[in-house]
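Pasting the structures in now, so scroll down.
Each of the next two complexes has subunit A plus one other chain: subunit B in the first, subunit C in the second.
Showing the complex of A and B:
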């Protein structure tokens, strides 16, 4: 995988690698193997642990609350990812057509939410959804609707958390899309113009096919990001009402905090790890291969 | 035709303006709400601007000793974290980009595989590890665990792979050691990639919430997000101060981003996607 060079530098190499290897070993590798081990034990802070084989995994897969949290995660992902992809794609096209000066103002502005923490976003949106003085109900009142308890109603709680998630992520998605758009040669569009193609035709027949890989990449990273989200629900609703906003990671975190049966929640996190880990391994493979983006 | 184009252009500008305002609105709102009187923050009907612009909330939160401490320690921690993370990950990136040594592929896989371990799967066992190391309630527990990052290393390595070999060959022939070449050829050229990775690390530290909450119980070491969450649950009547505090907590990152935005936004291009 690496081409041979004219000399070897074992000493220097290991000296410079030592910090990263030691730190990763202590804070990632050891905890990971520890987690693997714990997932096969009936382990708690208070009792000696007992080997239980696959019982923890079985328990988790049969636990309605965990299955429910996976379902919540999937629903949440379906609310966040398609919406931000469509908005970002269209908006990136709008930015591409803008003059340089105004484009850079827009780019900076939409990137700002990306650097805001989940905690601050939660604080802001909890106020926006406030029953009495919140903006959301104020906007509803323009249309003559009754105010809603956005975060306390089983029907609206999850979508209400999806909105800040989209807000936090769509700037970066848009800018990545924009970078992809800039890589499509102008000559393709000029040729299409000569053939008399309209705006939508050009978008459908040139832009969309050539953006395929970027869209794929963003879908997969968006999926793993959204399904791992827990900070927003943790602060905004604590997972309620009736667990409708308990995402898988929040389920795991809540079990860490409240349970004595740690093995179960670690088993749950490892199951998720298998799924999410394989997905990110695939992305990495696509990215690391030279022909990541054709066209 | 011409009229149609103008309409189209106006429509597009309107859309762009709308989305830009939408992106900035929540943040602008929290900043402006910080200037409202305590009871006015959630008064009905909703008002965007305060009846009267008051600085009391901002003054009060800035005077709060715990807030000052949280801002300062988080800032110091984030800067230290970013610097350490650049040092550790850039040296490894250089080694993997340029040096030949025994078991290179094994070491590479060992480091890269850690990228796929999700934080949640090791959150609790990391806690047990740092507990056994006696690191709880220390500054080290906030900074050290995240410093080594395979992702950051990989990103920097991609950048180093694009530095032409010719630049270091002259130095090699002159007999300069590998470490000299790293410090005198690679580090000075790393500015663009360091800005991106450094700010990424800084942000990761600044915005982190769950890890500090788990490992820090001493209020003197509260990090800013932990402080805000605690403030929210313990002093829920002080909504104006919470608004002001949230706005102020976002300010350093926004300023930092505005200073380096050119690199960050163009960095999206070299991020390996293209």
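Showing the complex of A and C:
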């Protein structure tokens, strides 16, 4: 009886899994192994491809620009992820304390940047950072300050691109944080009130620990999202000035566009995959995910 | 109780978010559409399919079986709106003029070009023929990406080309492309009225780099910048080729592509020119536009601008009330000698894909469009406001009798004083050009020019070693 049921369950399970397994095979597994194979060739569309062993990988690893681009990606992530976490956490707390009507208005309005495409946002921010007549320099002029070359100055270019990235991402992050906040049983706070705990104590001892899984999820997705960002720098700076905004994916795209052979960009993509995978693994390790205490 | 309420509230909120977002998305979508109308002109299909169904209907009504037209696919880069319209006009005219070949035109924006073409090539779906600039021909020919045209286009049509252009489109003893136009990459545009206001002679444009910078200093005031030119590495990569060639007498690689050739006074002078111009404060700290776009000059934000000859078309089409204040002169050189190279001749050609199944039909259209009746090309040069130049002798001859062309002083100046001294664009990989322009940009941003050049030299030599570039120059054998 038990065995029969077990098998029936298995059949249904396989059936339900089939669509996603088939789709993943077609769009992820096969291309992945194909690109692995191609990365060992000088791949040409018009002539027989030539086997070159690890040359493509060696080429990428010895390229200062690739290592620089990974470093740019990490710096960019360190600007975007913590900032958007803090802003979202604060916003989520504010929204939680609001009344129903105003809360939905705020929730809807902060979600709007999320549905704006990165390209559109880049164009908007290019106007904001315009050297003559841009909003940013206009505001500076109120304080009698000289106009700044936001996107052309080596020092300000990357932070200037991080701002739209935060703006684009924080709506979704806030809503997820808010969902997490609502999931914390109100009785914990009531008990804390009875014990005479203050606002900060409640936040530090109840809210923050119980948000750990949410923070882990948002850190990993935020990290992979930010380090694979390329359209902002593509549109706003083209990777300049002096490659200070060339993120890893932009490096790959540039090689894909300019190189005569494609092997180089594929090798770089695979290396980026290794970098992303290992850093995500480190984050998981550090922020050990646990089941919520209240089950 | 409390949590459930919270959940209900959240779900209604989520629903409202979804509704609002879907509304906003559709609004966004329509917004994109309207913006696409200006930038994305791939919607040729409507016109062309209309034609082909008409043709098919005509065939059906007759007694004969419907004539089966050979369809060839044609991708063109997106250029000025006038060029796009010219492509469409003559593709339609060609399709109507005969019943053998149907050309399907698709206009592809420049920033999507490389991705789209590579994706199509990888899937064996590359277009039969497409636009390619002179710089790409030699490498594409070496990789068999494009076909030799000697057997496809009659020799007389190639004999009509100027000798230097013949060289641009050939590798070894074969022609691989048919040229459409040439345009010098650097010409000086300056504001005569502002020259006068600053006490400068509007009829005496600068001839040396020093004069250019000195004039720029006098012109920089009241929120107007004295000079606009390329100032980011990707722009400088190609817009400075002419200056490199003129100052050093050669470009960044030795002829056999075995090593970098930039540690010399010519290259030092070029790097110093850009660094001095930038540091003197006559250029905006952040480019007001990309190099090929002269809009800031047209809007009156800049007193002197370096730009390609194509900017004449932009000024004449978009900034008509500025025209009588604009002076045009050859780009100044290091020493002021008028015969020094300061520009490279860029331009576009049509090539037939190496795997095209209908090379004959594709080249029939290329012959019709670029190598046929002179009025087709004259129509093109007219719509571009004579900002581009003909690679064909017969077209230039025919244009002499056209009053608008023969009386155009800017056209005459560029044809007589710029083009004869311009050089071909280099065909070495872009990595080399960007290494040089990165040196220029870092010198502008404060790096010691000598150190910047040394780094570029090392980067180029590393690149040569890694990509085994030495001895692979497709043109070296000639």
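Everything below uses one rule, namely that the second predicted complex is superposed on the first by the 238 of 295 C-alpha atoms of A that agree within 3 Å, B and C clash if a C-alpha of one lies under 4 Å from a C-alpha of the other, contacts with A are read in each partner's own complex, and residues count from 1 in each chain.
Throughout what follows, contacts are C-beta pairs under 8 Å (C-beta built on N, C-alpha and C of every residue); 3 or more make two chains touch, one makes a residue touch a chain.
Model, not experiment: these values are computed from the prediction.
Touch criterion met: A:277 reaches subunit B, while subunit C stays clear of it.
Of the two partner chains placed by the overlay, only subunit B lies in contact with A:35; subunit C stays clear of it.
Once the two complexes are overlaid on the shared chain, A:16 sits against subunit B while remaining clear of subunit C. With both structures placed on the common chain, the touch criterion links A:100 to subunit C but leaves subunit B unconnected. By the touch criterion defined above, A:200 lies against neither subunit B nor subunit C after alignment on the C-alpha atoms of chain A.
More residues of subunit A lie in contact with B than with the other chain of the pair subunit B and subunit C.
By the touch criterion stated above, A:142 is placed in contact with neither subunit B nor subunit C. When the shared chain is aligned, subunit B and subunit C each come close enough to touch A:179.
By the touch criterion stated above, A:27 is placed in contact with subunit B alone, subunit C being left untouched. Common to the subunit B-facing and subunit C-facing surfaces of subunit A are residues 104, 107-108, 111-112, 115-117, 120, 132, 175, 179, 183, 253, 256, 262.
Those residues of subunit A that touch subunit C in the shared complex are 44-47, 58-59, 62, 64, 100, 103-104, 107-108, 111-112, 114-117, 120, 129, 131-132, 147-154, 175, 178-179, 182-183, 185-186, 238-243, 253, 256-258, 260, 262.
Chain contact summary for the complex, subunit B toward subunit A: residues 8, 12-13, 15-16, 19-20, 23-24, 26-27, 29-30, 33, 41-46, 87-89, 91-92, 94-95, 98-102, 104-105, 107-108, 110-112, 114-118, 120-126, 128-130, 133, 144-148, 150, 153, 177-179, 182, 203, 206-207, 209-210, 225, 228-229, 232, 239, 242-243, 246, 249-250, 253-254, 257-258, 261, 264-265, 268-269, 271-274. Per the touch definition, subunit A reaches subunit B in the complex via residues 1-2, 4-5, 7-10, 12-17, 19-21, 23-24, 26-32, 34-35, 38, 87, 91, 94-95, 97-98, 102, 104-113, 115-121, 123-125, 127-128, 130, 132-135, 137-138, 141, 164, 167, 170-172, 175-176, 179-180, 183, 199, 214, 217, 228, 230-231, 234-235, 249, 252-253, 256, 262, 265-266, 269-270, 272-273, 276-277, 280-281, 284, 287, 292-293. Considering their complex, residues 2-3, 6-7, 9-10, 12-13, 16-17, 20-21, 24-25, 28, 114-115, 118, 121-122, 124, 126, 139, 143-145, 223, 231-234, 284-288, 301, 354-355, 429-431, 438, 441-442, 445, 459, 462, 466-467 of subunit C touch subunit A.
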